[in-house]
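Alright, structures below, take your time with them.
The same subunit A turns up in both complexes below, where it pairs with subunit B and then with subunit C.
== the complex of A and B ==
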């Protein structure tokens, strides 16, 4: 297993190289003169020229890319054009807030979704089951930016139950609205997957055996069925976690949650290239790491899965 | 009923008994039969067709103009100014400029359906070509294409799409292009898997031994074998494309006003949420209806085209 992890980590290197190249090229064809952007609107031509030279922006693009890679290897992600602070520092303050939001959402979605899916599978074909199936489809079909605004309008503006937006350090009422917005599709998907996983497991022979030896239905479901139904759920958690980490941009900008999604959006808005490059890079690497973690957990949960 | 003794008693297969004969003909005829029995999927299909027809025909017949402005209205000798609440003349009300929201929603539906079908269609073409090429030719072709999918799958989707539309300038075309760039790796992987399995089939090996050209094998044997997968993947990908388009338009990276799209209408309505809540309500509801319709149709197609899924239900 450790060898497998090391091999996967090594395989990440070409992926990350490719990523940096694509994002570097893309960012560099974004219209707009970077040196002029930094110097400000009223700077004279000589100042702009000087900035261009000191930042190496007059060099050929491949040389610029080489310099970028060299800096990257040394842990230097550049300085933000907007705040003039090191990007790495800024990312380290915003990313934990996104992780906090994503993990909170994921944990609640797993619990709610699993429970709903399980109950639906046990009462297969009932009205409740159909309701859950509907919820699954609907959860996936609600546009998040719209849902976020409607929640804001109804729960915050109209009734004043919750604050409309903001961040006060984390696990307080400010996290409720963003977490609901992000969590509805996750819980819906989770309910769907766990329902079909249970339907797959329930007719199996070992479940019949468990029932036949006189176990209570409760322990059949919670012990024997749950453990086996968890495997597809686990792989969903992986994809969902990377969706949550990278898909927070909408929710974060609507609810002014100062995470990496909002940071990336602002960087794009102000054409802050170092910040944008770093955001994409950090998010992409975390997607890869989450995928790796899921594959490892997969092997731990399902002894039939073997990696070489 | 004697001859039907051996037919399944399963409710889903009741149609076999009714038609008096076991299912015959091709997978696709069976699939269509199964789809017709799937009530949810048929509702989805009907809703999509109806919305497409309405959004194209109604503005033509009634001569609706999405940019027509009703700047004031006189009721009982008093001047009223927009936004106007929903009534008989404007069933979804008007926005803050006095433009009819129903008309603009109709035009927004056009954009959504167009982007969904075109962007997903182009994504499928790119994904099919690359996926089948990777599977069929193997070797370094496979290596290069698969490493590229690795790279593109690692990108944060929304941010990548935004960067692309920013680089190319926001328009209907660049939105489609951005959606192709973020969508092709999944399709490529899917098609590669299926094509790899088909490539090892005896009939493909036989054709190759008989000297069939690559082009003939790919178009006559591999692609038809992948057709169910292609149909399902195409239909399942449409809702995602529609959602991303509306998201991009919401942030100003997609369809730009004054051209109405459901996403940019919601962005516009955001500033007037408390004054005219109907403005933000209807485009969003319409978006949900479209996406739900495509989702349940996709699920139905998936079940209908997968003989195993059909049995499991």
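== the complex of A and C ==
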């Protein structure tokens, strides 16, 4: 198992190298003149040129990329054009908050989704089962934006139970509304996937054998069916975590959650290239790591994976 | 959804670093105490209305006001200010030689209690008052020399460096051939003499920019790169608790030269989504908000807020511009006139819920040289059609034109109205909404025949409108987007900025307006009006003409 992990980690290096190139090039083709942006709308050409030279923006793009890469391997993600502070420092304050929200949401949706999916599979065809299926479809099709607003209007403005937006440190009442907003589609998807996974596992011979041995149904489901039904659920967790890490911009914006989505949006808006580059890079790398983690979990859940 | 945030941000980007204004309605500029605010706010009937009247015994000290920014301000280093989110807060922390008046359209004394220009308008002498930095040290003329040279230094890469380029010795200093700017002379601790290369009237207005605020050298050196997060300055508030991307609190500065502010503190929550701000306002967790179009009717008709709506005529003008180097518009004046008469701007203003006023000239009302505000646009379809015939296109223009605009929601709606108007006289336009930088690039490089554009005064002086937009030195990115060139206009603009006689300047500006209306490189559309709402207990809050509300005369009646 450790050898498997090391192998996978090494394979990440060329992937990340390729990512840096793509990101660097993409960020640099965004229209707009960075030096002009920093110099101010009405600055004269001489000032703009001066800034271009000082910041090395007049060098060929490959040289700029080389410098960027050189800094990168030393752990230097550059300095924000806006704050003149190391970008890494800023990312380290915003990214954990997105992770906080994503993990909370994911844990809740796994627990809720898996439980609902499992219960529905056991009661296949019942009213409950149909209810769960509907919940899954609904959860996926509700526009997040609208749902967030309704939650705010009802729970914060009308009843005053929860704060409408903001952040006070993480695991407190402020996380409830954004976590519900993000979690409903996740839980819905999770319920559907785990339901079908269980439906596939339940007619298997070993389940019949377990039942035939006289095991209690509870034990059959939890001990024998669950582990085998987990594989598709795990792969869903992987893609869902990636979605939660990168796709929270709207939710972060609506609930004023000070995470990386908001940070990246501002960086893009102000054409703060080091901040933008770093945001995209950190997100891309974290997606790689999430996928790696999922693969490792696969391997743990299904020993056959390790040998391929 | 985000259009108005963007409008504001864009405005701010243009605005550069702004400014120190005081609350509307208050009469005293200097002296002691935040002063004279009581009974001053006669609310929203005036063009620049103050929110909150309150039948009370007068201002009270204490309390925290909760307001917002749309992004983390990130830095209050005067040399690093560029975005709206920075300047709206910075205006409360930083202060320079002069500051804005309550309405935000002219200047008043700041740390300089008085100043006078020399006979030829090139030497300006400033007399400083006894003001203190947040660290307790007295502000001296030497501090201004340090602060100005710091902003001018290319190593600092300040977006406001150009504001100092009229100082004698600026070029030598920035080129590295001089170690100081020769035009900045410290006469004594309380006297500063600034020498300009030429007589230049708008210079004093520029000094009201927060980017040219005074900072103490010892603090800049102590904090180094982190100075922007630990800024020490001489404004009415000091930087307090700051949770990155979350919220920021500024606290009353006890030793502010005009007396401490009424409020103990102001908390700026970072709320990007403008709907969320209204939700927070309705939930009572936010005290001030810009009113979104969807909530405008509800909030403005709610009797609870009858005295809590503040309006500000901004130093802003929007226009359609013709590329004066591209046919068919460049050489066909009748065609440009046809466009002018075809536009039903009143319909646009109605669509904007009257949050804009008609712009028949460049200058918004209240600026030096502006006449009486216009009430009706020159809209006249018959006249427009006649002009089309005169232009040789009685049957309309054969080709369609792409009109570029930033992709703000309102802009598209506005241009859809004009699209219909122009279609009526036979001009077909396609609205091409672009992302900000792409729009700027196309606009600056003249890749358009007609385009939507706007200008926001960077400093409260009419020159900030005329010089960038109309002077042929600024063709392209520097502000003359229509690529308009008229030597007579150039000469008048130069004459107006060199004169220190306000009456003369005002009449020159009126002449320029007439000449430009003759040439018609731009058809002016509207001036923006900002409408903010406060909780009823907030007194003497006033949205500023430059969208940089300040809080040192605001107080809470609760």
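Throughout what follows, the second predicted complex is superposed on the first by the 301 of 308 C-alpha atoms of A that agree within 3 Å, B and C clash if a C-alpha of one lies under 4 Å from a C-alpha of the other, contacts with A are read in each partner's own complex, and residues count from 1 in each chain.
In this text, a residue touches a chain if its C-beta (ideal position, glycine included) is under 8 Å from a C-beta of that chain, and two chains touch if they have at least 3 such contacts.
If you're wondering where the values come from, they're calculated on a predicted model, not measured in any experiment.
Of the two partner chains, subunit B and subunit C are each touched by A:153. Residue contacts after overlaying the shared chain place A:247 against subunit B, while subunit C stays out of touching range.
Once chain A of one complex is fitted onto chain A of the other, the partner contacts of A:29 are limited to subunit B, with no touch recorded for subunit C.
Looking at the shared chain after the overlay, A:171 reaches neither subunit B nor subunit C. By the touch criterion stated above, A:265 is placed in contact with subunit B and with subunit C alike. Look at A:143: by the touch rule set out above, it reaches subunit B but stays clear of subunit C. Judged by the touch definition given at the top, the superposed model places A:82 against subunit C, while subunit B stays out of reach.
After overlaying the two complexes on the shared chain, residue contacts for A:256 are found with subunit C alone; subunit B is out of touch. Within subunit A, the residues touched by subunit B in the first complex and by subunit C in the second are 30-31, 149, 152-153, 157, 253, 265.
Within the complex formed with subunit B, the residues of subunit A that make contact are 14-15, 18-19, 22-23, 26-27, 29-31, 137-138, 140-147, 149-150, 152-153, 157, 199, 246-247, 249-250, 253, 264-265, 268, 276, 279-280, 283-285, 287-288. Per the touch definition, subunit C reaches subunit A in the complex via residues 9, 13-14, 16, 71-72, 74-75, 77, 80, 82-83, 154-155, 157, 159-162, 165, 174, 225-226, 228-229, 243-247, 269-273, 275-276, 279-280, 282-283, 285, 435-438, 440-441, 458, 468, 474, 477-479.
Residue ranges on subunit B touching subunit A, taken from their complex, read 147-148, 150-160, 162-164, 166-167, 239, 243, 246-247, 250-251, 263, 266-267, 270, 273-274, 277, 280-281, 283-284, 287-288, 291-292, 295-296, 299, 312. By the touch criterion given at the top, residues 30-33, 36-44, 46-47, 50-51, 54-55, 79-80, 82-85, 90, 93-94, 149, 152-153, 156-157, 160, 163-167, 253-256, 258-259, 262-263, 265-266, 269-271 of subunit A touch subunit C in their complex.
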